[in-house]
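Below is the structure I would like to discuss, written out as structure tokens.
Labels for the chains are A, B, C and D, by order of writing; each one numbers its residues from 1.
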Amino acid sequence: MKNLQTIVLSNQEISPGYFRMRILAPGYKDIAKPGQFVMFRVRRSLPPLLRRPFGIFQIGLLPADCEGMPEKEFIELIYKVVGAGTEVMCELHEGDRIELLGPLGRGFDIDDEGGDKILVGGGIGLVPLYMLADSLADRSKTRLLIGGRSREDIITVTEFERLGVTSHVTTEDGSLGEEGLITRILERKLDKYPKAKVYSCGPMPMLRAVEVICSERNVPLQVSLEALMACGVGACLGCVVKGREHSEQNPEYLCTCRQGPVFHSYELDWERVEKNIEQEESS
Amino acid sequence: MSSNIATDNKPNLAVEFAGLKLKTPLMPASGTFGYGQEFAPYLDLNQLGAIVTKGLSLNPKAGNPTPRIAETVSGMLNAIGLQNVGVDAFISEKMPFLEQFDSPVIVNFFGNTQEEYGEVAARLNDVPGVAALEMNISCPNVKHGGIVFGTDPKAAFDVITTVRKRLTKPLIVKLTPNVTDIRITARAAEDAGADAISLINTITGMSVDVRTRKPRIANVIGGLSGPGIRPIAVRMTHQVVQTVKIPVIGIGGIMRAEDALEFLIVGAKAVQVGTANFVDPNAMQTILADLENFCIEQGIEDINDLIGSLQL
Amino acid sequence: MSSNIATDNKPNLAVEFAGLKLKTPLMPASGTFGYGQEFAPYLDLNQLGAIVTKGLSLNPKAGNPTPRIAETVSGMLNAIGLQNVGVDAFISEKMPFLEQFDSPVIVNFFGNTQEEYGEVAARLNDVPGVAALEMNISCPNVKHGGIVFGTDPKAAFDVITTVRKRLTKPLIVKLTPNVTDIRITARAAEDAGADAISLINTITGMSVDVRTRKPRIANVIGGLSGPGIRPIAVRMTHQVVQTVKIPVIGIGGIMRAEDALEFLIVGAKAVQVGTANFVDPNAMQTILADLENFCIEQGIEDINDLIGSLQL
Amino acid sequence: MKNLQTIVLSNQEISPGYFRMRILAPGYKDIAKPGQFVMFRVRRSLPPLLRRPFGIFQIGLLPADCEGMPEKEFIELIYKVVGAGTEVMCELHEGDRIELLGPLGRGFDIDDEGGDKILVGGGIGLVPLYMLADSLADRSKTRLLIGGRSREDIITVTEFERLGVTSHVTTEDGSLGEEGLITRILERKLDKYPKAKVYSCGPMPMLRAVEVICSERNVPLQVSLEALMACGVGACLGCVVKGREHSEQNPEYLCTCRQGPVFHSYELDWERVEKNIEQEESS
């Protein structure tokens, strides 16, 4: 957990509107856990003012520049251009200086058992699932279900497959994989593997549907939430979601940045979470 | 005033006022530094002039629905709704951590009624590790139709008087900028017995998502902070320094050492850094280093020589 | 409210209020567009909803010493001091140029006393090419110790009443944001007979050069404008729209079409563009084109469907 | 006079802290006059908010990219890095998009007679004098006097010499040319050429000294002034200087951007101009 002044190693458009950025990040390899994120800041004095949160897609090592030098640790982000911040990000080039705060937050709780695992991602929500998949004990028993609006929104699936994960794709317009919502596949898979554990990240309506399916079947679920964040360290209280025990008299607000972004489904007050996020989605 | 020869010795950055001895004139602004703990991994809390906590109320407070924050041009809107753990939980759960540091702890607090203000102050008065209280008067007075205490000089005077009676520790009153003439509330605070004034709190603002046509903050209206408001904060600090005799702490949009210097030059004895902590958890350490460099470069041996040195 | 089907036909951008027919809801803010002539090389003045002139006084006014302007973070401070040619020179020298255009001419004016306000209004009332007057009440009342008319609801009411009596043309009253509760001055303006309200004027601010320790503006305090103040302006526009029945014109930090839309959505019938004209003399033309595109993209056939469509 | 959306052709440091930027500027060649300026804007959405004024150093033509294409008109600016705006400018590269408003203001009044001319520049104030020198009828009778703090502040003198102009350099620290102030040379030259016309641009104390020397000797003087500018087109009234006839009752404020930046010495109220600018210098 520190503020790293570092540089961009590469920054490429991998699908229309989706970019993949590799960043020099010494110190991340040993400490970053699947599901953690970074707060990204474009150079000082440039807008936007606040940092932006991004999940860590992958951590890796590049060979040293020459003998006697250390290997170069890097992290990779994958981001979708949606507003002012990501618009500035996508114009960054190799060598540009940036700042990175992280790794932040609580990642996925991973047990070492090699049972069935189902990862459910919606669009860009697939980002934190890659490190998760990579860290699972028996990847042949891991299924990635990934849904999106259209074929452009389905990214990096082959990389998951290279980990030995089986993937299932749906798109709303049917341009890739099955036409429809990913939750249909989830139901099918849970019929087949009723003891599977589910991990999910994506837009709120999808998460809510996943939660309903899992709680009906008593299947353990962890979700990674998004929230508007100013600080990323638990100080501003801008990113809160209501916990299961929340009430006006006895408030239980959880910081997405600190107690999350990954939550066990049972920690959250889903009625209220959904209501909050509905506001966000539409605002 | 100060010689022009750069000195190899470190300049003195310590300031003293209202019975407080600060190692440096730099401290966090309430609500942007949590209870200190959140920033400990990034910053040496012992380097700060003081540690200022999130605002506390008598009972725990849930705060507002989300979205609570929105970025604006060179600023941010927030309507956190003063979410906090309540004064008792603060004393038992948060103070032990804060007492480890030798920087004085300034506890920010508020109430919904005059009585609540008095009661919170009284409870904090007995806590040994608390160096001073900062009283946030930008809260609606629920007994008087929700008019904000700090926008009504009479209500401000009354509530500060109530607190003063129950407090022996130094009292800093934090003013709201949402007034016609900040000098009037400043004078009311001085008359009611404040030991110091801090300003400014956030300026009320609003932002709309033009596609959904909804306010970008659930509470509709929020408080604007950040570098865009600095000229307003500097102006008000200048006006208040010219009006009252008690010391003034400047707040509003401080991102860099030069920004802090604007407040010190118009006469603030110290400054608070708010939104900048979100942008960069190291912000105060960088500002501190640059303040020192500025003093060396300008041949200023004692930061007190700089305070109030505005050339009119 | 509006169909979601993008239309090939141009959306209607015309708005009507206070007896004014505007081709578009976009006009320059007083003091940022000279007397129109300065921008003619860059902009088709006939595309504007109206042309709003620099503020006029009874006699020519010299204005303040320099430096008069300073850039701040996402804004600028100015203390021009209302330099202007005076109402008579305006009528004889500037009106002939402005009369060439079919956009209505709105003349901004002010006075140092109630009588002066009345007299300027009376002289302009007789000028055929003038469509409406915009009254700037952010000026010090020299007869009452220099307290700004617009910060005292009683003084505001009185001076607007005086002007109203001498004016048959539509009267727009332009409010100052430097008040505790803008709704009170808005109501005073409505009660005194204003046909419309425009807001906000600049927010008082200050900036210091930390090396020379001098204010960056000779007048020490100046008016802050630009994108950084927009959330404050949107909030006040929202509050005033919710308070008065007369139409409201939104002003403050509009740089792009989306910014103008914030004001329209909260209920402003029209908007004024100020500082953006300095940054880009084409600004209003770009904003207009983007407004049109936004309407087409969102399937809005008439901009009036958008005005006041805030979802609370 | 228009707002040109264009690109940077090159941008190089020519002396420590001084940069020379070449900008594609179709339409400038036929209309820009010596002493005019442009309002320069870094890409939209980047700070600073306001444009910055810069004199035009030179106008030129580059060969067309290929046959059938038009030649490329360019202008050159030379600027000193002093604050936020120039700091952003000096990081621009070939191909970066910028906006240019201009050419603006009133340039030098030039008579066609080939008499003696003395150009007096202080530091970066030499910028508008190059096009002026280039346009003078008999350059063998033109002297450039250029002063600066140190050798780094003396730039582009050889280019003036290539125009056939004789140059005289002073520096305050004696690191180049004569040690001392340029006004001493001006006096010497005016002793020798008492009928010369003088044109000057530079910091206010220098301009004021030049004015005193010229008015004592009844020598015609034109000066190019600097002022803080917001609009550059005469609308904001931020850039005014007091005219000779100025009084509180009968204000005569001249816009530096419109009635200037070049003024005949007799148009200005020098006492007041100096006083104003003193404030600016020190603020």
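We adopt the following convention: contacts are C-beta pairs under 8 Å (C-beta built on N, C-alpha and C of every residue); 3 or more make two chains touch, one makes a residue touch a chain.
These numbers come from a predicted model, not from an experiment.
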Contact-graph distance - origin chain A, target chain D: 1
Whole-Å gap between the CA centroids of chain A and chain C: 46
Inter-chain centre distance, chain A versus chain B - centres from mean C-alpha coordinates, in Å: 36
Set of chain C residues in contact with two or more other chains: 73-75, 212, 214-215, 227
Shared-contact residues (touching 2 or more other chains) in chain D: 47, 84
Category of the chain touch graph - line, ring, star, complete, other: ring
Each pair of chains that touches, named by its two labels: A-B, A-D, B-C, C-D
In the complex, chain B residues that touch chain C: 72-75, 77, 151, 178-181, 203-208, 210-215, 220-221, 224, 227-232, 234-235, 238, 253, 258, 261-262, 265-266, 294, 298, 309-312
Residue numbers on chain A that touch chain B, as the complex places them: 1-3, 41, 47-51, 84, 99, 101, 227-231, 233-241, 246, 248, 250-251, 253, 258, 276-277, 279-280, 282-283
Touching residues on chain D, where the partner in the complex is chain A: 45-47, 84
Chain D partner contacts - residues on chain C that touch it in the complex: 31-34, 38-39, 41-42, 60-63, 65-71, 73-76, 78, 80, 83, 209, 212, 214-216, 218, 226-227, 275, 277-282
